[in-house]
Every structure is written in C-alpha cells, then in structure tokens.
Amino acid sequence: MRRFARLWWSCFVQAIRRDLQFRSQTIITAVSSTTELILGVIPVLILADVSATAVGWNGPLTLVVVGLYGACTGLMDCFVAPNVRRIDGYVRRGELDLILIRPVNAQLYATLRWMEPAELGRVVTGLGLAVAGAHAAHLSPSPGLLLVALLWMAIGFVGFSLLWANLAYLAFWVDSAEPVNEVAQQLREAGKYPLAYFPKTVQLILATIVPAGLIAAVPTGVLTGSTAAISLAILLLAAGFTLTVVHWRVAGRRYSSAS
Amino acid sequence: MTAAPKLRILRVLRVLVAREISLVLHYRWWLAMMQLSNIIAPAISLLVWRGAIAQGATPPVSESFLTTYLVLVSLVSMLTSSWTSGFLAAGIRLGELNSWLVRPCSTHVNGLANNVAEKLMKLTLLAPLAVALGLLFRDKVALPPPGLRWIAFLVALFMAAGMTFALDVVIGSLAFWFEDVSAIDRLRQLLARTLSGALIPLALFPAAFSGFLTAQPFRFMVSFPLEVLLGRPSDESYLLAVGWFTTFLGAAVVIWRIGLRNYQGAGA
Amino acid sequence: MPKSGEPAIRAEGLTKTYRYTEQSPGLTGALKGVFRPDRRERLAVDALELTVPRGQIIGLLGPNGAGKTTTIKMLCGLLRPTEGELEVLGHRPSRRGFDFLSRISVVFGQKSMLWWDVSTYDSLVIHREMYAIPKPRFDRSVDDLAERLGIQDILHVPVRKLSLGQRMRCELVLALLHGPELLFADEPTVGLDVVAKLSVRRFLAELNRDLGTTIVLTSHDMNDVAALCERVVVINHGVTIFDGDLTALRGHADAGGEADLDQVMSNLFTAGS
C-alpha cells in the first residue's frame, strides 16, 4: 500500500508538471471548468428562486448544495474521470496489456493513473460558493456535524465513482461503450439539486444505485440538522466496492481470452 | 459549364448523404448511447420542475408549456446542432482541405452531408426516447393540432440548424488564423447551452434579463422553434430570427472566403 | 475551349510570399503575439518562369523546402500567387472554377482522396456526380482504368483493407475517372514496393502516350524521373536552377554519363548553396 501511495504521488507530480508545460491549455481547462460550474448554477438558482419556499429550501442553502457539488465533482474530474474515460480505449486498442504487466494492482492503477489538476480550480470555486451560501443562510455547524457531512460527501464521491467505473467496464462487454461516460456525467448532474425536488422513488435511487444525491444534497441536509442512516450507507458502499472488484476480475478474464 | 450547377451539387449531396449514412450505421450503438445521455438532462429538469410545481411553486409559464418544452427540447437541440467546426479546423490545419479544394465541390457540401446523415440517424434513435419521456408525463403534454403552427415550427427549425451550421463554419474557419480553435469552441458550447434554452425555457429566467435573452442570437438556435410551436413569440422575434439567420450565414461566407485567400495549404 | 497549340501551363514571374507571425515562447509571448504580432515574410517562390506544352511529362524536382510544393499548389489552384501571371489550361487556377477543376486532377502520394471506410467503387460514384460524368462514360472509364491498373477484383473492397500499393492504384483510378487533360502527381510512388512502383510508372507512361495527358510529376525517387520525364525542372531556394532533359542535367551537374542520378541531384543542390 505504501508503495502504491508513492506511485500515486509520482503520477500526481507528473500530471502537475505536464500541466505546467502546456500552460495555455491548462488555463483554458481551468477557466472552462469553473465557468461550467458557474453557468451550471443558473438553472438551479432559477428553480430555487421560483419554488424555494414551497419546497423548504432557500436560495442560500441551494447555493451550498451547488457549491459542494462543484467541489466534489471537481475532485472526481481531477482524479477519477480521466481514468474511467480511458478504459474504453484500453480495451479497444489493447493498451490494457501495458497496465496488466505492471507489478501493482491493475484495477487500482487503471483507476488512479491519470489526473487532470486543472479541474481542481472547480474545487476552490465550489467551496467558495458553499461557504458564501452557508454564511448567507446563517449556517454555523459544529465541527462534529461538519465531519459527518464530509463523511457523507466522501461516501457520495466513492459511491458515484464506483458506479462510473462499472459503467466504464461495459467496454469489456460491448463494442461502443465510450458514451457511457457521457451518460454517467449527465446522471451526476442530478446531484446538484436538493433531493426534496425529486419524487420519492427517484430520491431513493439517487441515494443508492445512482448515488448522485450523496455528493452534495445529503451532506447539506446533514449540515442543517437532518439525520440520515450512515451505517446503512457504508454497508451499501462496501457491497458496491466488492461488486466492482468482482466485475473487474470477471471482465479481465474476458479481456485476456479475447486477445 | 451549361448543366445546371445547383442540380449537380444536389446530386453530390445525395450520394454523400447516402455514403455517410452507411458509415454512421457502423456507429449506431455509439450514437444510441449518446442519445441516452442527451435525454437525461431534460429528464432531470422535468423531474425537479414538476416536483417544485407539485409542492406549490408557481413558475411564470404554464405547467403544460414547461412539460412539453422539456420533452421536445432534446429533439430540437439535437436537430439544430452541428459538429462540423472540429473537422473543418483539423482539415485546415492538417491540410486535408487540399483534397477538397482540387475537386469541383465545396468542402461544406461534405460537412452538410455529414450533418444531415447524422441527424437522420440520431432522430431514429432519440425520437423513441423522447416519446417515452412524453408518455411518462403525458398528462401535461399538449401539442398543437396539425396546421400552420407546425409548418412555421419546421421553418424556424431549419433556420436554427442553418444558423448553428454557419456559426460552426465561422469557428472552424478561425483555424486559418489560429492553431487551436477548440477553446473557442468550448466557450461557444458553454454559452449556447445556457443561452439557447437547451436546459430550461428562457421564460423562466428572472425578468430582469428578458430583454437581453430575447435579442441574443443563441435563442434562435433552440428556444425559438419551440416558442413558435408552443407559445406566441412577438412579431419582432420573427424579424430578429431572419436578421440573425442572415447575419450568421453572411459571416460564414465572408470569413470562409477571406480565410481561403490567406490559406497557405498546410502539409503536402 | 482553348486552342490545342496553347501551352498547358504558362507562368511568368510567378511569386509566392508567405506571411507569418513569429510567436515568442510561453503564455506572455502568446499574449504579446495577439496585440503586437511580430510579422515576417518568407519568399517561397521567386519570379518563376515556366511553360509546359501539352502532352509533356515534366519532372519538378528540388530538395525539401525548395518551393516545389508551393509551385505545384499554385498550379492546381490551392494557393493564390502573390505576384506574376499564371495560366493553366487557359484558366486562372486560384479562381477554382468548375471548368478548370474538372479538367485537372491531383494525386497526392501522402494523402488519400479515397473515402476510407467505403469501397473504391463508392468513391468513384461520388466523383461521378461531382464531375457530372454521364453513366455510359463512367462505366467505360471505370472498366478501362481498372483493367489498365489490374484492380478489377479489389474495386469493391473497403479502402482501409487495401495494401498501400493497391490503394495507390485505386487513387489513380479515382483521379483519372473524369479524364483530366492535366495531372499533378505529387510523389505518387512514395512508400511503394518495387512491383507497385513499376506498375504506377507504366500506367503514367501509358496515360501520356494513349491519351496525351500532360503530367507534372514530383518525386524524390530519381528512377521515377528517369523512367518518365522527358524534361526536368529543378527548383532551389524558390528559383529555377535547371530546365532541360536528363542528359543535359548530368552535364550541368558536372557528373559523368554513368553517375548515379541521386549523386547528380545532390551535386546540383549543394553547388548552389
């Protein structure tokens, strides 16, 4: 594990060096990533403006949700997305061979090899939005509450990444799986709305199979004092994790037999 | 040259579209997945807005307008989209444009054929998804009866597609002067997504912005055809639509011509 | 129709200057380039004089960056000359009119004109519409060209599945389908094996002999040039440094009659600079 951490760190350093080398490209990525977040706020704020009182969410709290969503997805797009987006190419062009021959856990390596540090700009902007929203909503949570909210965000982060990985592994089974990445990204967008807007069945889905709701909506709810069953979530996460490992193993066997 | 040249171009367009369709057929699953991702955003919007209305919110548009709009918007934005700029820019940069310039047929006929074929293919894949979405919310979907409204809608749709294609040609042509146009294209996509009404109807935006929103060109790329079908756009709107359409088309022609004059024929 | 006595190509004082902006490294450099661009000029072709009579096979030679490609591009209408007079088949090439474009053709050795994912025949059908070729003439041309190049059985195979040699022969069929009077062949044999190379050479010679097609050939393979070209024009640094036949070329380069042609060319290029 120590060895892997050192490997991961060297990958991260390499990614930063690469970004520094192609500075204009990096700045463009950072700017458009942040712009995307800010423009993405607009429909949510319009919705909140029209309906907040009816649903029990006000504008500032909605801003907290969008901000946390931006920060968490920024992290995901820096550390996870560049890798899952490559899975399809690995399989189709046989580049997986180059990963399988390394003396490290191939699945972990294939999930964390590539990074896009420029996306981290969104983390800063997102956190800024969230803090501003919390301030406007007169929200001053205790450190304990903050920690629980953070834990929920982490569950959302890992949970959604697992879903995305499983979708990306479809590349082992079908030929043109590349657009599943778009599907995953669009599904994730549901996470920037407070769950209260969705019908009950959809809320359940967004908290379990498609855990986009855990990225920001549930953590914000926790900050305002509502409670959620965290042990159940961790149990589900463990199940999802096992499933993903099994999926990789089975799919990998198929890959080696195919080539 | 006595044979009607327009007719020749149309015949070329026909064979090119036929060839493109046979190519696009190879990617049908890829395109089908793509359409699935295209329907998710309006579906999410539908869910949250209907949820808000169910809980007592009162948006400035009727529920049936909102629902019908969001059911149809994925189809309209797909039909009026264009993906030519990237190909065009690459062609200019890598010199593939040369292969077209030495033939008696504009490279844009090829771009057009590619767009038409892709639209036909996507339509067959996306339409069932949109119908399914419509059935899910059928209680509030209200389409006008067949008639003039639909014809006006089709005209507006055609103009919207023409405008987007022209803007795409403009952005692609910038490759005559700039190495990399992808950043400009990304910025355009971001603006278009917010300002065209592809996410939510422009009428939902705060009233303070309505003057700007009604006048800006992106409105006429997605929102306007739907407004023609489902609402009552003002007379000035129609004038604006024609004005922007002509402006974009003219800009595309002019910029392409100037660019071609500057062209240094990259590559061998 | 121009009179047949008129030359296929007539260039007087043909000049092309490239304008470009120098960009300093880094982001600040890029920004500075936007506001205060550092504009420079480079003379690629300098007052070139060239007359090619109809029915000739002419070799246009020169080292990389000599202005040879720029010249060809002006001749076929891809580039607009900065100065000078240029008439090809009685037309101004850069206007790129239908009448001009349907009487010339270009074969790029390094760039495919065929559509990659479909068969050669499908590409031919597209060209039939593009050049408005009547069906009977189309059928006749395809049969004739396919037979001459021996590709009847690969006409319906997707292009991406063809070998380079097969593909090049298909490129030629496509380029000659509309019966051009003037063919620009830009390195048509690059990368081909000996068999394919000989077949392309033989075909070009036949084309010139049987149909009187004027051919402008560029090639780095001196054997191509020796086998095909009755006349050779050598360009270096944007100006013509030699115009004549191969025997004269050997004389000009102070090489004996037996000297290797690559050696002859090398002498010529280095002597001038």
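For clarity, chains are labelled A, B and C in written order, and residue numbers in each chain start from 1.
By definition in this document, a contact is a pair of C-beta atoms (placed from the backbone, for glycine too) under 8 Å apart; a residue touches a chain by one contact, two chains touch by 3 or more.
What you are looking at is a predicted structure, and each value in this text was computed from that prediction instead of being measured.
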Relative to subunit B, chain with the most remote C-alpha centre: C
Chain ID, smallest distance between chain and overall C-alpha centroids: B
Two chains sharing the most C-beta contacts: A-B
Centroid distance [mean C-alpha coordinates] between subunit C and subunit B, Å: 39
Cα-centroid distance, subunit A relative to subunit B, in whole angstrom: 30
Centroid spacing, where centroids are CA-atom means, of subunit A and subunit C in whole angstrom: 54
Complex interface listing, subunit C residues touching subunit B: 18, 69-70, 73, 76-80, 96-99, 101-102, 104-106, 108-113, 115, 117-118, 122, 125-127, 129-132, 186-187
Subunit B partner contacts - residues on subunit A that touch it in the complex: 28, 32, 35-36, 39, 42-43, 46-47, 49-51, 54-55, 174-180, 182-183, 185-187, 189-190, 193, 196-199, 202
Subunit A partner contacts - residues on subunit B that touch it in the complex: 27, 29-30, 33-34, 36-38, 40-41, 44-45, 47-49, 51-53, 55-60, 183, 186-187, 190, 193-194, 199-200, 204-206
Parts of subunit B lying in touch with subunit C, wherever the complex brings them together: 1, 3, 5, 8, 11-12, 14-16, 19, 22-23, 26, 95-96, 98-99, 101-105, 261, 263-265, 267-268
